[in-house]
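What follows is subunit A paired twice: with subunit B in the first complex and subunit C in the second.
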Partner chain A sequence: MSVTEYDVVIIGAGAAGLTTGALLAERGFNVALVTTGEPTACLSTGCIDVCSCDENPLTGIKNLPPEHPFHLVDEKTIRQSLNYFQTVMMDMGMPYAGSIEKNRSVVSALGTFKTSCLVPSTMEAAPQNNTDSIHIVTFKGIKDFYPGYIVSRRKNTNFSVFDAGVYSIMSIASRFEDKNFFERFIIWMDKLRIDEDKIALPAVAGLESASEIVNSIAVLMGKPVFEIPTIPPSMPGRRLFNALKKYFRKKGGAIYWAWPVVGTEKTGKLIEAVTTHSEGRPNSINARAFILGTGSFVGGGLTATRQDITENVFNLPVHISGPRETWFDNDYFSLNHGIGRAGIIVDSSMRPADSPWNNIFLCGGILAETEILKNGCGHGLALATAHAAAQSCAEYLSHEL
Partner chain B sequence: MIKTDVIIIGGGATGCGIARDLALRGIPHCLVEKGDFAAGATGACHGLLHSGGRYAVTDPQAARECYEENLILRRIGKKCVEQTGGLFVRLPGDSKRFREVFLKGCEEVGIPAEVLSSTKAFDLVPNLNPEIEEAIRVPDCSIDPFRLCLLNIRTSELRGGIIFTRHKVTEIIKAHGRCIGIKAIDQSTGMNKEIHGNIIINATGAWANIIASLAGSEVPMTLVKGSLVITNHRLTNMVISRLRHPSDGDIIVPNEAVCLAGTTSLSVEDPDRISIEYPEVDTIISEAGRMIPHFNNTRIIRAFSGVRPLLKSQKIDSHEISRGFRIINHENGLYSIVGGKLSTFRLMAEKMVDTIMASFNLKKTCETAEISLDGQEELSGYPLAKRLADLKNIVCECELVTRGDVERIIKQTSTRNVGDIQHRTRLGMGPCQGGFCTFRALGIMNDMSVISPEQSMEILRNFLQRRYKGIRHALWGDQLREEQLVEYIYLGILAMEKSK
Partner chain C sequence: MNYEHCIRCTICVENCPVFRVNPDFPGPKQAGPDAQRFRSEKEKAQDEWVFLCSQCKRCEMACPCGVEPAQIILREQQRYGKEHPQTATHLLFANNYYLSALGSLTAPLANKFASTETGKNILRKIGISTYIPFPKFSFRTMRQGKKNLNKGTKKVAFFYGCFINFYRPDIGRKIVRLLAAMNVDVVLPPQWCCGLPALGNGNLALAKYFAQKNASSLSDYIDAGYDIVYACTSCGLCILHDYPGIMEIPQGKKIAESSYNLHEYIIKLINEGYAKPEFGKVRRKIAYHIPCHLRALKIGYPAQKLMATIPGLECEIFDDTCCGLSGSYGFKENNEFTAIQIGNRAVSLIKKTGAKNIVADCGSCRMQLEGLSGITALDPAEILCESLNITNQK
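For the complex of A and B:
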């Protein structure tokens, strides 16, 4: 078994884990991140929902139930976390639009409006109501985007189909990074003589340089252009993950990819190391503190059996609504499913409550009482709690010295 | 107005079987079904073509019928019957006396039953519980109930039968005390149809009394709900039953890529208001787990319930009520056919049509047991090569259904219902249970302009609500993860409106 030593080990490569990692690395700590693989952020729209149940996200947060983990983070930190995110993403060439004072809308692939707070600049031009006319450009053979859904819901909306020669979202996106392809696309677009106010395309405009690509189309066509997020695989989610990952590495963080944690070493009130499973041999990674950002069920932080719900890394006590009968409401759309409240309860220092560990800090979807879908607070909560966890962890590490 | 000789109400196995029988005897008929084919108990059973073994002890008459029909269906329906064979396994503690009665029962009925050592049984089904004492091999088979209905209907269609699905009977028209026709509403357009005929057959299973009451008649029945679960894996290639008195959770049936396990037995009042209870699911899984231990940790993709329309009986334990069938002549031109089971649907149809022929003094005899089911040559079964032929156009990754398949069904049936596409292509039958591909199927319908946006949103909402009813009882482990992702896709990414 090989042994490596760090100040902090982060478990989980989502927005919460990568942000905490970057913050701690910036403070000079030696940080490593272990992950089983791509995070659920890759499946997301890339939008930062802070609290979508009110026009103003901050008012929305104030109205959340008292047990919601957003209340563990003060308003100043929430603002700071979003500013920090926008600065990071600008730095990585993937600027985000929006403000914490007011939520905005993104057009969904069903033609409905999705409410969010910060959105990739490629979605900035999305209409905020039904007045603007739209011309949708879609791609031949693409199976997760059907312009019919949108065209039939909006007046003065039309669509055209471009044959990219490839048919999956990922391959079309990578074609967009090619200059010749882009030129061919623009020549074709030119011939359409688009009359509508705005141009929309499914979110396939490039892998990393989407912001530039969408901008170029807008400049060349002389009209606002925006992307419509698709169901997974989702390019904007992948771009978000790639940008945060690069930033974390740029700040000196190490990433252990596809290394699931299979065990822990403990002494007294401290976790000493996590054992990870990698090719050929187990690896023990020692650290003075640990950040748990493994997400909920989809992310792999929690596992449900017929009888119980468990936390997968440290076996922390999981807060659940009750026996299996209480996990799901009769009405699918009510969003009052007890399972949405499952997770780990933390104290104000983001340490797990009701457990002896002094050096574990939690952030993101693994927290209890989040009800992420109901409250529309996924990535926003991840960023805010990442700042709170990084702050507590840094204080702990400084005192310990 | 449509005029015909015989009106059949109900598109389950019995109704479809009657349509085929009438067609082969040259009698004009019209079948009316309120949902899709096999929407009631036919489609909500475990898809077992009984050898008769299960009833050899408790109901020799039903057992005999089952075995005879088993032989017939294996002959005439090769493409919808999988000749898996079945094992009745005896676990430690299971009565040895029952084994003796079972073997004796099989012998009396004439069902071939071979006693196998546990070693021999493992050779056949390696996933069996290593603790089993022995197994008895019988010719149980697995049958696809939906395909069975479609193939029976095919004969009727080829010979001029009139078929209406998604038509709900609202009225039975009477004149001088006799039933002379029905009124039905087309559930997709809201238009009314009037159909006149000389005879009306009520083959509506659990709904038989509701339909009979439209004619002022009555059908005494006991409605018994049975629940089942579906696994994501085919854990056995043979039907596995427990060698004991019929009771909850005693059967596992392989079907295509999955297994179905059940059942339970609980009396219910209203066939339209049934739900699965949590303890039922736990019972089925732990009982199935005693026969095949992998059941305890394999992924369950869905649970569902069906209602058995059994003949009225005083027996308290519904497992004990006869699985035999009865034809009731209401003496007003209406006949009801109730009871029975999927395995004996053809025999039920034969007896029903014989009764009508007798009342009209017609002589033509039944041919349904001799002639193979029509349309089987078009069935693909599950050949992977065929499904992978058009890889880049696959819209349902779980079941490898292509855009072309979906478009063909939409054109053929002019359906506005995702369920119709699911039944005919297996779209959405896999682990994600339509989470990804329903958005695509409706998108294709949108592109083909067969539905409006309001309709597509409504269809999507109904689909998700209905789908949830089945999967919410299987939500733990990976199925829960998948479900949370699907919920995020529809309510998060696609920002589906909750309601208008």
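For the complex of A and C:
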């Protein structure tokens, strides 16, 4: 019953880490998750991009370069991982729409289209082309959303401004859960007499019950309503994180916050414990296996210096595209920056290649050759590799018993 | 200080309970790393609004880059407090220890005073809010000295903290019996306020004064082979984090090394095979509210681990909500609205579960949640005692 002894310790609280954690906890393992802070998933649009290179994500995956980690996961597991995700999110009251066989579009805060595979139901009604007319309802004083960008790009688009009395995305979102606020908002909207085909809101419609809130607006106004993801703070990203976290906890997982791993204890081919800073006694957690889901640079899994790139937890060998000249393209907005390929190469069991450790399994953005921006495959890859890592890890743990 | 590591992602702001309800507070990002870039030791501190921060430390728990906004704000609170005359409420709450000692000495009178309308009016006049009943002083506080309940080889010096001492010594006595039931030799060392209320009111000098007195006392006990066990998570965080940190107490590190959360300690005893408690049935559903400062201790939720072994006990965890009271913070009249708003959110989530009891390690969380919800709030130790059939009666 030790506080600090588990079957598995997951490092990283993103979509990859939380999903692996939930899968292992479901199989009856005693799981803890440690994280420096909240994950970059909170900053995301909340959409699950699987592979945006092709109309059909599965075809897109097939056409990815052979070294891409998606090829470590078979199609059945990919399908299974997305189905699992949709079931989990439905269970947590945040349904996702979409199909693995067809990508769809989401309107971005700039009025462009973003290609994604599974999207929160609050974005399901987003127009798939430029023909629908849109009425954007925005909020007074809000700093992270400017309807002007969208109006300047799209025809038949207008906007109105509601004064919520508070001016940050987070504060407005929490007001939406308040019945009186919601009624005031609906009465105001009713007076607008909106003619356009669809109504758009920046993604502020609540924290826990966004799906119901967007639905009720649509029913009350008699028109499709959709949310437009904003730049951080991004509510859809936060809802995604909260739901996955809640599910992980529901399955019995423990979470340690503000727990950056600063050291490890090892014997032979095994990692035995991870440690963090402490003012007092050494603060460490023992486990039989470890899952590394720390992401790449922004997530905190990798650090780049002038000379090389290092992996921050286990100091695993990092695969780099080549010398520093190859890391960056001259065009800033290019999708071909070599640094997007940096990461850890794994074998088919998701263990790091060229390293002695037998009980580390990797998933998500930390993997090498992902080129997440170019391929549009962030969360999809995280979910698929989470299933693969959980499978390998479970086999290892059962075998070890 | 590490404010340069801030990438302005606003995750801390999203986690700030005060920012969500009080537009006057610019949020941890702006009050912390952002403003810090413009603060200079050569200039007088001028951001009075730093005191709108309740020091729940949720921003620090959430930051993906290891920046400590609450710590930056705490330091600015001390600087502001030093360079400006202390307001009456700040002085009052910083000296909470003496005030409570006086209250306990005159308990019947003080309780009567705090419960009448006239008393409440006077309290409000001096800036103390009365939206939840003021905690009742207990005439009989914890008696310091050796508790001859057991003669085990493990020796514990119990740091009970002000809340237990002045308001709920019955819980304190139960904890002593609980430890004794684990075959532990318990001592109540001489102790004072941990210093956290003084720190929260920008009075570093007073905080250090209290801390130093405690440190000298506890340090002697450590030398004599005792482990320090604390029950209040905020006292614990102050001892572990602020004594060796902002207060720069010489014995700070040594004390941090030997201090344990009560439940963490019980689990340690069980793991070492030293104690083998047999938990009996407690048939009930509880909502376990995780105090913000328990999260900040980075030891996980040990009480939950213990309660999970109690047959019949159904426990739902809430660690995303702050209670809003934050010690003396919510008792200040200008924070009243903020504290109520934050607390109501926590209460609304708890009420949905239909739990019969709220359980929380922190006395001030219990006070707030019980006050706002009307649901009885218990210390996890009380649940353990119930399960082990430990009462204060002999």
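The rule is simple: the second predicted complex is superposed on the first by the 393 of 401 C-alpha atoms of A that agree within 3 Å, B and C clash if a C-alpha of one lies under 4 Å from a C-alpha of the other, contacts with A are read in each partner's own complex, and residues count from 1 in each chain.
Keep in mind that, in the parts below, contacts are C-beta pairs under 8 Å (C-beta built on N, C-alpha and C of every residue); 3 or more make two chains touch, one makes a residue touch a chain.
This one's a predicted model, so the numbers in the text were calculated from it and none came from an experiment.
A.B. asks: Return fit or clash for subunit B versus subunit C, each positioned on subunit A through the superposition.
C.D. replies: Fit: subunit B and subunit C sit side by side once superposed on subunit A.
A.B. asks: Counting residues of subunit A touched by each partner, does subunit B or subunit C come out ahead?
C.D. replies: In the superposed model, B touches more residues of subunit A.
A.B. asks: With the two complexes superposed on chain A, say which partner A:43 touches: subunit B (first), subunit C (second), both, or neither.
C.D. replies: Once the two structures are laid over each other on A, A:43 reaches both partners.
A.B. asks: Between subunit B (first) and subunit C (second), which does A:232 come into contact with in this model arrangement: first, second, both, or neither?
C.D. replies: Both: A:232 reaches subunit B and subunit C.
A.B. asks: In the overlay, answer first, second, both or neither for which of subunit B and subunit C A:167 touches.
C.D. replies: both
A.B. asks: Quick check on the superposed pair: does A:141 touch subunit B, subunit C, both, or neither? Answer first, second, both or neither.
C.D. replies: First partner only, subunit B.
A.B. asks: Here's one for you: vertex at subunit A, rays to subunit B and subunit C, all C-alpha centres; what's the angle to the nearest 10 degrees?
C.D. replies: 90
A.B. asks: Would you check which partner chain A:53 touches, where first means subunit B only, second means subunit C only, and both and neither mean what they say?
C.D. replies: Touch status of A:53: no partner.
A.B. asks: Once chain A of both complexes is superposed, is A:126 in touch with subunit B (first), subunit C (second), both, or neither?
C.D. replies: neither
A.B. asks: Which partner does A:260 reach: the first (subunit B), the second (subunit C), both, or neither?
C.D. replies: second
A.B. asks: After the two structures are laid over each other on chain A, how near do the C-alpha atoms of subunit B and subunit C get, in Å?
C.D. replies: 6
A.B. asks: Name the residues of subunit A shared by its contacts with subunit B and its contacts with subunit C.
C.D. replies: In the superposed arrangement, which is not itself an observed complex, subunit A uses residues 40, 43, 167, 232, 300 for both subunit B and subunit C.
A.B. asks: Could you list, by residue number, the parts of subunit B that touch subunit A in their complex?
C.D. replies: Within the complex, subunit B contacts subunit A at residues 278, 282, 285, 392-395, 403, 436, 439-440, 442-444, 446-447, 449, 452-453, 456-457, 461, 464-465, 468, 472, 475-477, 480-481, 484-485, 487-489, 491-499.
A.B. asks: Please output the residues of subunit A touching subunit B within their complex, sorted ascending.
C.D. replies: By the definition above, subunit A touches subunit B via 40, 43-45, 108-115, 141, 143-149, 152-153, 167, 229-232, 234, 296-298, 300, 303-306, 324-325, 327-328, 331-333, 335, 339, 373, 376, 378.
A.B. asks: Can you name the residues of subunit A that touch subunit C in the complex?
C.D. replies: 1-4, 32, 36-40, 42-43, 166-168, 170-171, 174, 232-233, 238, 242, 249, 254-260, 276, 278-281, 283, 299-300
A.B. asks: Considering the complex alone, what residue numbers of subunit C touch subunit A?
C.D. replies: 9-11, 13-15, 19-21, 23, 27, 60-66, 240-241, 244-245, 252-253, 255-259, 264, 267, 270-271, 295-296, 298-302, 305, 309, 317, 319-320, 345
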